[in-house]
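Look at the two complexes coming up: subunit A is in both, with subunit B in one and subunit C in the other.
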Partner chain A sequence: MSQKDTGSKWNLTPQGWNLEGVPAYQDQTRYTQVGRSVPRVDAPAKVKGEAVYTGDMTLPGMAYGKIKRSPYAHAILKKIDISKAQELPGVLAVLTGAEAPNRWGIVPQTANETVLALDKVRFYGEGVAAVAAIDEETAEEALDLIEVEYEPLPVLLDPFESMERAHEVLIHEDSPGNIMHQGEQVYGDVDKAFSECAYVLEREFHTNYPQHGFLEPHTALASYDPQSGQMHVWSSTQVPHYLHRQLSIVLEIPMNKIRVTLPTIGGGFGGKGEASSAEFAACLLSRKIGRPVRVTYERSEVFYTNKGRHPAHMKLKMGLDQDGYIKAVDFDNTMDKGAYSGWGVVVLFYTASMMHLPYKVPNVRFRGRSVYTNKPSTGAMRGLGGVQPRFAMECLLDELAEMMGVSPYELKMKNAIESGHTAVNNMFVPHSEYKKCLQTAVEKSGYLEKRGRLPFGKGIGMAGGYYISGTAYTLYQNYKPHTSVMIRVDTEAGVTLFCAAADIGQGSNTVMAQMAAEELGVFYEDVHVQAGDTEIGAFDLGSFASRLTYASGAAIKMACVEINQKLKETAAGMLGVRADQLVIKKREIYSMYETKKRLPWEKAVEAYTSINGSLVGLGNFSPPRRKGIDMISGNRVQGANIGHSPTYGFSCQVHEVEVDVETGRIYVKKVTEAGDCGTPVNPMSVEGQVEGSILFNIGGCLYEDQKLDASGKHLNPNFHDYKMPTMMEMPEMDTNIVESYDPTAPFGVKETGEGAVQPTFPALVNAIYDAIGVRFYSLPITPEMILKALKEKKEKEG
Partner chain B sequence: MKQLIELNINGRNYEVAVNPRDLLIDVIRKKIGLTGTKKGCGEGDCGACTVLIDGKPELSCIKLAIACQGQKITTIEGLAQEDGSLHPLQQSFVDHGAVQCGFCTPGMIMSSKALLDRNPNPSPQEIKHELSGNICRCTGYKKIIEAVEAAAKVWSQEGVK
Partner chain C sequence: MVMNHFEYFAPRTPAETLELLGRFGSKAKILAGGTDLMILMKNRAIQPECVIDINQVQDFRTIMCEPGQGAVIGTNVKLAEIQFSEALQAKYPALSYAAGEVGSAQVRHMASLGGNTCNASPAAETPTPLAALGTKVVLSSQSGDRELPLEQFITGVRQLGLNEGEMLTRFILPEPAPRSACRYAYMGRRDAMEIDSVNMAVNLELQPDGETIRNIKLVMGSVYPRPLVSQEVPALLNGQRLIDELIETAAAAAQGEAKPIDDIRATAEYRREIVKVLARRLIQETYAAAKGV
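Showing the complex of A and B:
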């Protein structure tokens, strides 16, 4: 029963199992489209160079927009003189901040960004004016002619300094203490629990300031039609509908007069998870001149406008009882928000929720604050809110294991949660194969045999992690379904799926086609996906928080119910059997009892549509809402529902490293990974996500860090000085999808886009400890740090 | 100050008026309209803009257009067979899941082609070395290497132009 015929190496039914008695979901004959490794639907166009990205588009009469940026990280904007720029031949319009003063931001309660700076600039590279011209060269020339007078202010680059000096310098007038948001969450009696613990450890951890590094810079093309008042925006975004709403606020145009279309997107990783000035500037300039305007960022502008990962300064204390069960966690987190709020509140409380899984923790205290500094703003970056606390927790657990004299694996297995777990903050995990992840990665890597036994300079380390899947939290301030899907079936187009979900390169269009095909009993190649367009597709929150497969899967299932019912009724009449005895599979409709009674699927479609016209099904998905409460007292806890999701993905990584003690260089030799992503809809895509995730955070752990000088100037806004892993840094990777099926999820699916980045930092740090006996608490771990640590170690021992 | 030059791209001659400081990438993308070649950094650091010039991989974002007269330039659009079917390298990238967002893909394929033209049987280490100037942020590279290795097999078995 191998799935060779479908081109998949995945065999959902383990060898030797008798299909009788096997749960229906593991009966591989049940799925023909889901669970298949199929090539991406968009891959051929991409390999031919025919896929059209926003920056590849030109429209008749199109002008080019450019943004002038501040050379100060904190300064009052005293005067802007645009007259010379306006006079330059070829310049069509110049825009300043005052023309679009409405504040935008993905979290409505804290929205504080404007398209261009109004009265002051708060980070180096902030936009102060924009120009539209007949070509890019002229636009650039015009930028130089814009004269701006600044009055520099003290620059705050460190969150602790920022809080300390808040009485003398405020970055935002309405944020006392320079604190964007702070919160406390207490579950159970933490102090009492600590007093009863046999093992207690507290450490401080600091993470770095990396950026997404997607290859396609932000680009937006806007075309305003003065006659109809209609604005059409093509943009490289992950969140067409959030962008839609922000545009409506800033442009003061009703949403039904704005259309957002996504051409091919060249990666996002969270960096395109909120609006950008490129989009606003393109729209505003286009409205001014009644011609299409395109704004494409230079790579340096991508760095300046950032929205990368928050540096986190964390204190973590954990206590275990005599037997090694976790009794209490105390977590204090200071996050560096940079200049503007963005996703800030959400990220802060995500870090809090990370304490509650994937281990059973009965008493938890969290105190956190997100602090403004004069840095390019931080935001959402792959594994948002999870990566930093996971680093702290998994490293601390390794230290505690050592304290107890057991292996980290044993300690983590002992505390790992299982299906049906309710955390103390009311997060509910319907299904978990976390233990299987730990076991698989550890066994396949030989972790237990190797740990502590490798020669000096070589080491092995492990870590686990989890991530939300199909997020339950929305910032849309409206409880409408998170995803809506419309499916149309007729003889003209076959199957067409309409959903404005954003395929940013992760492959969601292919996965949606597979799920729709599965449910309709056709082949994935039969499904035309119309995605990423707010006018054509139905509503979807966007591609973030690893929500799409789950959410769109649920909506697709619902949309197919009515379609299948109608086709079965039609076929029933044609075949002379009862509709409820019909099965639709592989484009055929047949009786499950008399399999000879069958007809081609398209015959039923033809019969139905020739009487009734096109067959349309609607589906939507709203995640279950659970209260953010302390399960012990029943009290509501602020922000506790951030991090709730309908299900969770889990993973474990084992890293093997070699440290060159002469140069301090760290070589990651091999990574063994095991992940619980539920049913892998497209296993080849899952592997791609996991492999990409591993290298992504190897970069974050060892190389990547944005650097600013004392004045706040960005020192490495390019791929030459900001080093991301190349092929040379790629380790051997053994990724394993563990057998998993969440019975509460559509097709049994979970996430895979962000879970796999979670264990990378701590697994690597633990491996380095095993190699050289030094623990690192700050990232990235540079060769200089290694050499310094080795020297200190030698001195201590010598 | 513009001058008329002739560029041979994918076997066809194009007459274009360029400034001496115009970069090859801009001429290819904007003047000629072949947008398959991508600009990820514009500074020679990411490889997305790789094209072949007389068979050698070159970064078109740091190459002056006027310097390319009389040379044979191949872009990603020049790879597919005449009947529109994919070049084995392209097919292999599709089949092996070596494409995610696709923004690095044209440059990656051009660098791979240069490698296989020169050495149809590269070791994984040689592939890594040759493609280390092409950044991919999505895939973690593993499937790209697999795709190049598989294409090399087809290459040596069937022979490819």
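Showing the complex of A and C:
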């Protein structure tokens, strides 16, 4: 434990930066633990290979579960015969869909998945039966003995075909037109605004079908105790609470009889943002046999059941006045939902909300539909709902800038929002340093000097973006706080923070420790975090929507109030000063006016606890909401349901590429990024998030695409054929954290885990345009597409 | 993903190995690195009755690379050893480079040169430069050894010219001719963990004038069921000094010979395009290297 290293290289304060030498009475607001670059708490165990993932766990008597999967993408389940499998020695139980028919789904209004298929299968690899056996070998053998009779149905893989052929075949009986959900949002008078525009452009954009690529496959270990009726589930999930809730619905057990525990999680990126059949199957099989059961997916099963990014087919029209101010946006979006609804409604309306930021847009129309197809369900994936429309909007702005004869930078700066902006859909942005992001990335990269001036084959492109720092609502009707934090202080464990938050590798346990240390006036190394357990930790909604730093920060601040007050009162008596004049900093309590009057923090803890026992503080966080009845006008407020957030992160990326015009290969040489993440709690972690985000979507833009044959069977369900970029494809990175402090946020924080994926697609596409003079509207951009486009260009010009 | 039951043997000498092979023949599979074999077995693509692990056989692990005497490389020499061997790097840079492009670092420390050939994947990296270098494989059985040029040993996708009871025991590489060079190039979507959409090696020897091509061998990978040795390129270039039009003609000839297919990695059309680009670049590069430029 290092107590000497107290310096934060950021020296952050709410009043400004670099306030060395400020008087002691301002110490309370000068951060020493927040803004400190510290290695993650979980890093040593992971580096040494000692971290325990669910798949590493074995319990005494544990059985192995496996799922039998459909070889058809769309078929009626005529008959399942499990008798031969049941007779195989070593088989402990066989499970079919009929035994757990309750529908689950993260959005309760559209919940339509079952643990195993009931009457029909809707995608290739959907589970039809599950087996528990004494070992994996027997379980696999048993799967082969399960006889299933299918009646194949037409397979619909394209959302437009799916809508057209809906009269002939429905994927879900209760969804006419094969449409999961459709909606329209109109703000202002869009048609009138377009008629007054000097520049109007409309384009179609198509995005691809990438998935998350986390390393640890879905795994769940369930242990049911028939005596107490208690179910304990260890799982690789990023939403312990939503999993907990779905388990209660499917198992028909009250939540207080289910405990969800998260061992180390090997990444999620949204792909573990819903329950999976692994979890349900493990629980149901364990309950059937009264022994622990573990289900670990193969990589191919992760692909079959993945909930990757929605392919989006977008028409975007944008109008500017003669000065270049955006006047109107008309956005039409058809999303490929895959087989089940999952996050669908939420993602659809997130794409709608993306039109409203980070530019001022007075008139907006959105029409969208999410359409069922016979593919794995699409779902939450890093920056959900943002990445596709951001690609369209930032590319279109570049084209409009060219039309006007100005630089894209000028156009984007002109329209960029500022702090205190309210969008027409009622989204409110308390704080923004977006312009500073644009300026920093453009200046540091030399964008203005290089654009249009590099030799053929080399190019530079820019794009901006934003993302939410949490949401306004839970996914089911409820107004409870989104995060609760309990902090215990005593002489035995020091400081222990209890919260059921999920650290899936994004580093939330580390930043929670930093924020708690900051608020309590101790060191980051002093704080123990007990997270990822619904029984030990206080309530948290989960790791999605980039919500956790903000939400847990607010709850931590509240939890510390009572603790600090009691310790100050105790110390006040010991020091003979007023409690309200005491400051706690760096594990010392001292008077802000008579700094010689001081005592070690532990002494006050010892004094307090020896009289009262352990000191406990509880805090929680409820997000501000922007929907309901306007108190003054009495009108119902339209909008700002999906898309609203306590605050927003912003960023800008400039990509420099080299295109090998003979082979079509694109080399991303350098990325200059500038991000407004508010106060960087752990700058080292921010850099990691940002660099990871950029490579993540370089993958989505240039490499990654799930391919299915005409029958819906996967052609690349492995990391050999599903290409993700490797370290060799990592460009030189210049990431910059711009000076930012959101005064409305705890410690001034914002998100950084999903905002930095937003500008990557359009920045790259704009850079490729600068390099070879060809604009791409479909992703991923493959070497073959480059060669074809260059050939066409040559024929046109020649 | 669970393998079938099989009998496992771990012989210590070549003689023991060949004795086991003689006994089990095609029922047995040789386990060297296992980086291809284990995947095939786990996917149940093959279910051998017996697995002969040759990792205890020291004779299969040796590299002999003395000045002026070519090289003899044991079948179970790891690709990482070929990648990092200074002697091989100096004499056969194309082979070391190709070995270093196989899979990942972890894979290269497991996988063997013999395995990379015997897996007989059209997209394999090392058979291409081995063929360009004029490598012969030694096929051993209890009844003795025979030699075969590598390009005749690989007969098709996952097909080898092996007789019952025979195995590949070593590679014999001829000493590079004076005024010659061999180079390797590949094309794929990324630069690590990649299965090439096209790879190619060119071995080029100049006449004493240091300008005229005495002999060129161009071998293509991933565009034919086995390493494809160009017939037309030597016909066009042997006895010629290299000028730009000739390079274009030769590259187009190689392109015409390639018989690629469409698959998940690339279309046939793209592969043909790349054959031409790689051929042009590689002939230029190798010519310059042979000239000592």
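Everything below uses one rule, namely that the second predicted complex is superposed on the first by the 755 of 798 C-alpha atoms of A that agree within 3 Å, B and C clash if a C-alpha of one lies under 4 Å from a C-alpha of the other, contacts with A are read in each partner's own complex, and residues count from 1 in each chain.
Just so we're on the same page, a contact is a pair of C-beta atoms (placed from the backbone, for glycine too) under 8 Å apart; a residue touches a chain by one contact, two chains touch by 3 or more.
Because the structure is predicted, anything quoted here is derived from the model rather than measured.
Once the two complexes are laid over each other on the shared chain, residue contacts for A:739 go to neither subunit B nor subunit C.
Of the two partner chains placed around the shared chain by superposition, neither subunit B nor subunit C is touched by A:161. When both complexes are overlaid on chain A, the residue A:727 reaches subunit B and subunit C alike.
By the touch criterion defined above, A:784 reaches subunit C but does not reach subunit B. In the superposed pair of complexes, A:662 makes contact with subunit C only, with no contact to subunit B.
Touch criterion met: A:140 reaches subunit C, while subunit B stays clear of it. Of the two partner chains, subunit B is the only one touched by A:56; subunit C is not. In the overlay built on the shared chain, the residue A:716 is in contact with subunit C alone; subunit B does not reach it.
By the touch criterion stated above, A:298 is placed in contact with subunit B and with subunit C alike. Within subunit A, the residues touching subunit B in one complex and subunit C in the other are 298, 719-720, 726-728.
Against subunit A, in their complex, subunit C makes its touches with residues 1-2, 187, 189-195, 264-267, 269-270, 273-274, 277. Residues 29, 34-46, 48, 75-77, 79-80, 86, 90-91, 93-97, 99-106, 109, 127-129, 131-145 of subunit B touch subunit A in their complex. Those residues of subunit A whose C-beta lies close enough to touch subunit B in the complex are 37, 39-40, 42-44, 46-53, 55-56, 212-217, 264-267, 269, 298-299, 504-507, 684-685, 687-688, 690-696, 718-720, 724, 726-728, 730, 733. By the touch criterion given at the top, residues 136-137, 140, 298, 662-665, 703, 707, 715-716, 719-721, 723, 725-729, 782-784, 787 of subunit A touch subunit C in their complex.
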